[in-house]
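Below are two complexes that have subunit A in common, paired first with subunit B and then with subunit C.
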Partner chain A sequence: MQRTLTARDAFRRKTLWTALVVAAAAFILFPVIWMIGMMVKPTDIMFARPTEWLFVPTLEHFNYVFEQKFHHYLLTSVLLGLISTLLVVIIGTPAAYSFARFEMRGKDDLFLFVLASRMAPPVCLVIPYYLIFARIDLLDTFIGLTLAYMTFNLSFYIWVLRSFCRDLPAELEDAARLEGWSRVQIFRRIVLPLLRNGIVATSVLCFIFAWNEFLFAFMLGGKAVKTLPVAIPTLITTQGVRWGEMAVVGMVALAPVLIAVFFLQRHIVRGLTMGAVKG
Partner chain B sequence: MTDVPIEDMPNQGGPSKAVVKRQPSHGEPVWYPYLLMAPAMITLTIVALLPFLFAVFISFHEMKFGKFGDFAGFGNYVELLSDGRFWNALGVAVLFVAIAVPLEFMLGLTGALVLSRPIWGRSVLIPFLFIPTMMAPIVVGLLWKIMLAGSWGLLSYNVIEPLGLAGETSIFASPDYALFALIFVDIWQWTPFMMLAFFAGLQALPINPFRAAAVDGANPIQRFFWLTLPMMTPLLVVIGLLRLIDAFKVFDSIFILTGGGPGTQTEMPSVLAYKMTFEFWNIGEASALAVVVWVLFFVFCNVFYQVAKKKLNAF
Partner chain C sequence: MTDHNGLILNELSKTFGDNQALNGIDLDVAPGEVVAVTGPSGAGKSTLCKCIAGLERPDSGSVFLGGREIAGDLPGGRGVAFLFESYALYPHKTVFENAASPLRVPGRSSSLSGAELADRIGRELDKLAIGHLADRLPSELSGGQKQRAALARALVQDNAAITMLDEPISHLDAKLRHRLRGEIKRELMARDAPAIWVTPDGLEALSVGDRVAVLIGGKIAQFGTPREIWENPASVEVARLIGDPPMNLLSARLQDRDGTVTAELDDGMHLILPPDSVERLVAASGKQSLQDGAVTIGVKPRDIRIIRLEDVGVMTSEVVSLEPFGKHSLVTLSLGKSFVRVKARDDMGVRPGERVGLRFTGPVTFFKAKTGSRIVTGWEEQGGETERRAVPAL
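Here is the complex of A and B:
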């Protein structure tokens, strides 16, 4: 027998479940909150045992970060993310549309090829890349890293945007075709506007992946082209670890992610499952 | 959440999309779809296929300290397979994946069920849960380096030391617990994602079977095992496989947290490949390792693709 629920019972239960989820979320996010505290925690009490919870905030760590020219690395990260994402959007959009809309010979194999280049462990790619780039002088250049980022971002973009393309009704394009529109017109005036949300969501994800990337940037860049994630371990110096500075840089590296999660919401699930789950 | 292909929904009646099979190529010439994907395919060939073939090429040659030597046949592979570190790395990876992924899976599924109860402000909470997953792995490593720093780290001092697990040094330097600490970090990063992916799957389930079950008086546990779980299976498999693939290639957080140490306790294949290349400069063997791992991944990928395509109708 199921007990009949009164409105008050339902209210109580809802409150209870909400409290549970909020508590779990707070628990999960606690290290992030702690890192925010570390940004302004004076060095002399940082290593205190037992832990000091209350302190007067300081900006000393920010000063060091600026002295060490971390804003250059920030700029590099932004530029590299933007350039590689833009290129991916230009090359990938027609391919995603084509995969979604047309039947053709060898489609499955091509698609698997795209997936395989997404799934390949980056560390396996970095070895041949390093040797090739050393030979043709692409080490430590924007071009080199942009090419390397294509391996995971272009394939990712095609896969995920394809799932957005599949949601578009084909009837509109068929009608336009009957009206005598050209292929270019159909693509520009019908497909692209309808796909806008998908393109924006997917390319923001691509930007985040490029922004977060460490191994390629570390091995194939590092001096002239040094991104934020690569700059973080340099704060582990021979004189010790600069914890407060690490927290500052870590938080800067986290900032676009914080914006993106609120902006993308459910598209993230679709993206991270390669379009398999529609979020 | 509503745009699940109609074919996926059992007992819905309604028109089936599968019947209205479209004309091949939409009346466009045969070359048109190929033209659209040509730039992408050429790019991927250059940036992914060629480097891979180059790695295969190197793996069959003597190569140490950046100098090409003679053709070595399977020499590098023999060297790799007789290298204790290779088997150690595989063992570490299997242990890592075998503990981390099932735990993330179960915690994620539980979390998804909790999240699908009626709660307030769900849409406000969800973005927060995405934060660990979307974070750069290097920042994840940094967060836990701070939390678990030797002697003064918040968790080190307040939790690990009282439990007597790792004295005043960081747990990441402990031969017994370093790997488990890394597993814990992986679980922290990926459980929220599993939770939200499963939650999205739960939301997309058709409601009618559940109504019918309620009419028949099925209790929640019966409903879960006889309805939710069977209907979710393809999705669970796909997400599990994806996570498996990703967990196997984790590098950044290990690099910043333990660097594979202490000793070779946390040396995953990706860390070993890195060390072989850039520390020992034994590039021939490292390439052999890369090729082996690559082939392994391709098998996983293929399974993922087949399941996702056939069972989930996703692609």
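Here is the complex of A and C:
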């Protein structure tokens, strides 16, 4: 017997589906929700058995975090991420475009070289960086870390944006050239507007890489210039691990990533799928 | 050598890797003239345009425009109005902005004020029947609308040194295509600059070109007036491109039997060639005897008549299919191993499977079987017939 799909079936199916999605989300989000709880949980009941679900929220962890000047580290992380990403965009966009468009001798070798700096394990690169920076007095400076971040993000940025550039039909630029526009005008009027989604998507990823980076920040900075990921382990003290404070800082560290993804989701999805559909 | 201020190409060649895209192209387009360039896909039509525009650098040869060699000029300095086959519309700009783009280049002589510019573009868009789409983005247009938007961008450049349209009306519906063909042609002729109109459609080329260049395999197979190309195709390849349906081409072998020359078709049927055709063939081929000469015979579909089998001594063939178009019918017949298509004003109610007779009623073109190049176009009355008619211009 053939069964037709009734409205009732459709409703059931939808409900089941929603329940599954909620369950999956809860599973994935549980650690985050637990962390939010830890932020305001008094230290003495932090690991009480059985778990105490009801308690008077406390701001003690927040106070400690501010006393330890974590807002400075936050600012360092934000500035380092923004400035290094901005520089990467400024330098990397014309570079990616050139790699995609212009023929020159040794282009492929040069491109491989750009990529290689990204493929090597960071721990291999950090030692020469340390030695070089020590020699030229860039250790533990903001400029030094910015430069280090730029190098590894630049290769990634150029690599990704080059494929966006390749997806731009060259005939658009040919048409503009025939009309009499100069190379620079074409880059501004035609290329940049069409690359916007790609630039936004790629630079958000660069910012997140910089934001999450630990090894370089730890080895090349650490005292005067301390980023959030480097500061978090200092909460493991001789008196024990300060879990509540860790939760507070952890949430703060997570926030920009969530915000960026949430607001730029449209750009990232459109950016990463651009070129899949022509027209 | 041609001497005018239009476009002159000398021995233009271009190679991509192993592929010789253009091979010694000689072409000239006088000011105010429209030359249609036609040929099968991959023949080098677009490459030719790009070499003239400066988007591709030719390997050898020269390009003169406005009385000056322009090989060293940047594309932007050549004053080329170019419609790309792919349209190349700027996706982030509206139809209006796209069309306005060439007129807004800083430092260009076209000193149009904002209002004049809007007026000029508005008129062009209206003419192309897309005035109401001025504020749309290209992604919101259909294929034909995109093509017209791109066309507007090329045509608003009144002062262009040359206008090149790469398949300008191929994606329009039939009605619009017929209307715009004439309008665009008139607009191009009114200009004091040469124009090139590229189309894969041989008939469109004949209808829009003051002269037509047939490009095959990177070479100019024939360059002449539409009439010359229609009546005297230079080769089998050219004949295949022109006409709808194109010329019927039949392999045959010439036999000289005591002064009576016949052309044996592949199924044993033969045509008796009248003496004047033979004279022409002999003169054109440069041989003493026509014995065993392998040729290809070309007859236009409208130059064959279907007749009843009662007439004696005619070629017989079998009707394969019938497509009635109203004012004429397209009848496909099998003749030996080959097929013949006939554009019949009167199909006499034939049905598939029926056996009918054929009579050639118009000029027959002889091509060399080996090279495909034309030997001569002559009059041929079919076997046994003695009726003679005027021979079209040779």
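Operating definition for what follows: the second predicted complex is superposed on the first by the 236 of 279 C-alpha atoms of A that agree within 3 Å, B and C clash if a C-alpha of one lies under 4 Å from a C-alpha of the other, contacts with A are read in each partner's own complex, and residues count from 1 in each chain.
Definition applied: a contact is a pair of C-beta atoms (placed from the backbone, for glycine too) under 8 Å apart; a residue touches a chain by one contact, two chains touch by 3 or more.
Please read all numbers here as calculations on a predicted model, not as lab measurements.
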| item | value |
| --- | --- |
| First, second, both or neither for A:229, with subunit B first and subunit C second | first |
| Which of subunit B and subunit C A:49 touches, first, second, both or neither | first |
| Which of subunit B and subunit C A:33 touches, first, second, both or neither | neither |
| Contacts of A:260 with subunit B and subunit C, given as first, second, both or neither | first |
| Touching partner for A:143 - first (subunit B), second (subunit C), both, neither | neither |
| Contacts of A:59 with subunit B and subunit C, given as first, second, both or neither | neither |
| Broader residue contact with subunit A after superposition on the shared chain, subunit B or subunit C | B |
| Partner chain in contact with A:171 - subunit B first, subunit C second, else both or neither | second |
| Which superposed partner A:179 touches (first subunit B, second subunit C, both, neither) | second |
| Which superposed partner A:75 touches (first subunit B, second subunit C, both, neither) | neither |
| Intersection of subunit A interface sets (partners subunit B, subunit C) | 174, 177, 279 |
| Contact set on subunit B toward subunit A in their complex | 1, 3-4, 22, 24-28, 30, 32-34, 36-37, 39-41, 43-44, 46-49, 51-52, 54-55, 58, 66, 111, 114-115, 117-123, 125-139, 142-147, 149, 151-152, 154, 157-158, 188, 191-193, 196-197, 200-201, 204, 235, 238-239, 242, 245, 248-249, 251-252, 255-256, 269-270, 273-274, 277-278, 283, 286-287, 290-291, 293-294, 297-298, 300-302, 304-305, 308, 312, 314-315 |
| Complex interface listing, subunit C residues touching subunit A | 53-55, 74-78, 80-82, 84, 86, 88, 90-92, 101-102, 105, 107-108, 139, 153, 157 |
| Subunit A residues touching subunit B - in the complex, by the definition given at the top | 10, 13-15, 17-18, 20-22, 24-25, 28-29, 31-32, 34-35, 38, 46-51, 91-92, 94-95, 97-99, 101-104, 110-117, 119-132, 134, 147-148, 150-151, 154-155, 158, 162-163, 167, 170, 173-174, 177, 183, 208, 211-215, 219, 229, 232-233, 241, 243, 246-247, 250, 253-254, 257-258, 260-262, 264-266, 268-269, 272-279 |
| For the subunit A and subunit C complex, residues of the former touching the latter | 169, 171-172, 174-182, 190, 193-194, 279 |
